[in-house]
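Inspection log for the structure reproduced underneath, given as structure tokens.
In order of appearance the chains are A, B, C and D, and numbering begins at 1 in each one.
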């Protein structure tokens, strides 16, 4: 968070950025607690420490742009504007969840927000994003598709095939690689011969830049310029956001492969800590503003948990609903 | 007394061929002609008569027991000779 | 004979360790099999004992490292490739079907692919559709590979060495819910188990329950339940999904005249469909009723527990199917 | 006071071993603090507390294996009075903690084999068809099950075989066999056998005088219930003959003769009003005459009482049919498929016979051997009869 950053930020923008990051941080902490009491089951991958990426990039997207994410997508969903209650209900597996409770933590979808979901298969979302962008281009719709993925995906064939197609057909897609240094239990240096993912993208002639993924203002700025370039027909863009997850890969991971001091050291530059300090120093916001954002986040999360707790389970009779599109098109009641 | 012997003969016959319950028995016609009684049935019928009356019936007498009338007459004769 | 109580996971670990110690050409390759100790902790400690050369962590490149495993087998090694779960094997299907299964035949018998692939499979842990597949039948469809499903501690311990000794590719499916299961492993100096015959897990005379892998315990539970009202079930653990041990199945049908097949895959075009077709071809005149199939509902497996249970075979459904076949 | 429980740390984690406490009782804790370390299959994991307060009391000791959901410690909320006396805390049952209020799946599951209803009409299972063929039961006589199916249970009920434990015991008629049904079943089987099997016949008249005198002498010394009928020694002689001619004792299976390793003689027994049924006396060649007499008696009773065993009805290797006295001199018997031979005996009657050049009255019996030409030929049948005649000629040797 360089002090001489001349990017001017309105008070409202700062409130939005910090408010969303705090909401995501507290939401994820609540999820960890709910997982330990078995309210949330299956796998749970937390976004704590990486909030700046989703929040910063989403500020550059418009409502009719599309978003494709991964199994670590709670933060992206909240930053994209999905109702926290529905996201929490989905984590519980309740029928009122974003995906009717069927997807759980790794599969949050919301068509109204063009949020094309989480995906539990590493790299699985990249070809989808390329396809969404191809459709926009063919229909001459001036829209952007933003695809989030982790650096682990760079080892998958789908990453390279998608990069090539996007570049070859000059598609309006923004690739955002959230490089948190570890693909599950394997550090980047032990899985990639070329550890710069941006370098991979450049080999497919895709323009992009390295971004400090802990600095929400820097992320936001990089995203705005990339989206701008895409919108005036510049073809795909690539951001490699260096970031760090403060928690293990998932809930059932003793995290033995990372040194304790490394984690502690990154925490000092945590996105919330860093931005809070900056807005206070630049008097953009006051401590009471920040306290207010914390209270609002706490209220929102309590409300979301209550909504999830009281939501019904999907009845067994509906098990086979929506496997195929029903013959006569009737609105599938939310 | 004749009724008593007649009942003994009918009971012995029914024990071997329960399905003849209620069938009309022509007294002077052999059971084999009326009811398809085979040699095993006949042997068991004779054993029944012997048990019911306590008489030991030699094989040579079997032919007298082949009809209701004959059997009753035989029993009466054997019992008479025993001073009944 | 002494026996030890160990978990299915321990059995897999011991088999891996024995294979690695027994043959220098054997090495283990897969995502997080090394320092992480394996997604299901089956290879914990191996990298400390055998080093990074023979316990190889791979990037997330299933097609890449499975293909590399095939290549290494061609090159004289005896690789054990771990695909974390069958869900990720879809990315390596081309290598398995078009290379591993095909090279020997297509090369006119010159090339041999002595490769073992291990994968976790099945639902039951609320991991939702993309992480809960049971696709054994896709691989059992392909000539050129063998497919086995160790359902017991003894098989988890004994099948690997036989598979490694096989000159052709063998795929071992380990149901994800079995790793924590505990059981008796009798002490012996040769744990090797054959990988082509079925096993009668429970003898009985009234109806035959045919199943494999993660569904065996459910079928046994259904058999106990049915025993309460006088139905004497025979339970067959297929153990091998390719080739299928027809003889054991048909011999049982000759005795019981009735069959229920339990298969966690989907009903349509599934493994149960194959077994049912074989029964109607070979034991038709023994049948006293249609062969029943208890499979997963034809839906992507949902996340909530009660829907996952509703969607997958359970003992009560198996017992209900058996009662229907028995016309009771 | 809130309970701090063993957290679930993974989809398939059922319990964890407490390694160490990182906070001691009485110390302050804050949301997010690491309070203890737990060992799992994957290694040691630090567990955090989710509310502020004071660690009041620790319930679990390091080294203990603790199921997920069990209480590990108590945390007193800030400002809450310390509890002097604490009611004995019953650990919460795991199951309740494990799956909070998921709806019970008690709803009846749809039928596991829900198929569209079968085409209307009566359906017979393949196994039922085979049993019917084996026991020459006329299908049209069989009762249909409540579900419109004729299965093994229906056929077994009809042939009186011991029902498998499964089927409810069929409502037994006076004698368990419906005469009309049997009549039609026998007719169908005979028709098929006669049509399919190329029979050949050989006959021989046998002097039974020595046998009858031998029997009379035996019976004279015996109590009435132990007396023998000639059917018993006749059966023994026939059984011994089939033992001597294994190529006539067995079955024809898809065109090939399969010799039987036992001699099970099917006895043709008349069931009044219904006709003939041929249950077998198993290993007839191994029993003496007295045993055979008892077995014969028992078989006749059970045949008429509907209590025959399916093995008796399906394991015959050859058949003996004996008209008995005061019937007819001879008969041309029909083989019971899948067997390949049958011996038919006429009545024993007094007729002129030449003995050492003189014509004398002798008790004669005409025996006809019928064979399946696919398995043997007339010459073999004739050799069988002459051997049988020699056995019957020396009753004391049986």
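The rule is short, and it goes like this: a residue touches a chain if its C-beta (ideal position, glycine included) is under 8 Å from a C-beta of that chain, and two chains touch if they have at least 3 such contacts.
Not measured: the values here are computed from a predicted model.
Asks: Any idea which two chains share the most contacting C-beta pairs?
Replies: A-C
Asks: Computing the C-alpha centre of each chain, which chain sits at the greatest distance from chain B?
Replies: When every chain centre is compared against chain B, the largest gap points to A.
Asks: Suppose every chain is reduced to the average of its Cα atoms; which one is closest to the average of all protein Cα atoms?
Replies: Chain closest to the assembly's C-alpha mean: C.
Asks: Counting in whole Å, what is the centre-to-centre distance of chain A and chain C, each centre being its mean C-alpha position?
Replies: Chain centres of chain A and chain C, defined by C-alpha means, are spaced 37 Å apart.
Asks: I'd like to verify one number: the distance from the centre of chain B to the centre of chain D, where each centre is the average of its C-alpha atoms, in whole angstrom.
Replies: Distance between chain centres: 42 Å.
Asks: Using Cα averages as centroids, what's the distance between chain C and chain D in whole Å?
Replies: Chain centres of chain C and chain D, defined by C-alpha means, are spaced 33 Å apart.
Asks: Determine the centre-to-centre distance between chain B and chain C, using the mean Cα coordinates as centres, and give it in whole Å.
Replies: Once rounded, the distance between the two centres reads 75 Å.
Asks: Among the residues of chain A, which are close enough to touch at least two other chains?
Replies: 41-43, 256, 313, 316
Asks: Quick check on chain D: which residues sit in contact with 2+ other chains?
Replies: 11, 42-43, 99, 102-103, 105
Asks: What residues in chain B touch two or more of the other chains?
Replies: none
Asks: Chains as vertices, touching pairs as edges: which of line, ring, star, complete or other describes this one?
Replies: If you draw each chain as a dot and join those that touch, the picture is no line, ring, star or complete graph.
Asks: Please list each pair of chains that are touching.
Replies: A-C, A-D, B-D, C-D
Asks: Any idea which chain D residues touch chain A in the complex?
Replies: 5, 7-11, 13, 31-32, 40, 42-45, 47-48, 50, 68-69, 97-100, 102-103, 105, 107
Asks: Which residues of chain D touch chain C in the complex?
Replies: Within the complex, chain D contacts chain C at residues 11-12, 14, 41-43, 99, 102-103, 105, 109, 111-113, 125-130, 145, 147, 149, 151-153, 164-166.
Asks: Would you pull the chain C residues touching chain D in the complex into a rising list?
Replies: Interface residues on chain C, with respect to chain D: 9, 37, 40-41, 44, 125-127, 176-177, 179-180, 205-206, 230-232, 257, 284-290, 292-294, 304-306, 309-310, 316-318, 320-321, 324-328.
Asks: Which of the residues in chain C come into contact with chain A in the complex?
Replies: 31-32, 35-36, 57-64, 87-88, 91, 125-131, 297-300, 302-307, 310-311
Asks: Once bound in the complex, which stretches of chain B touch chain D?
Replies: Touch residues, chain B against chain D: 17-19, 32, 35-36, 38-41, 43-44, 46-47, 50, 56-59.
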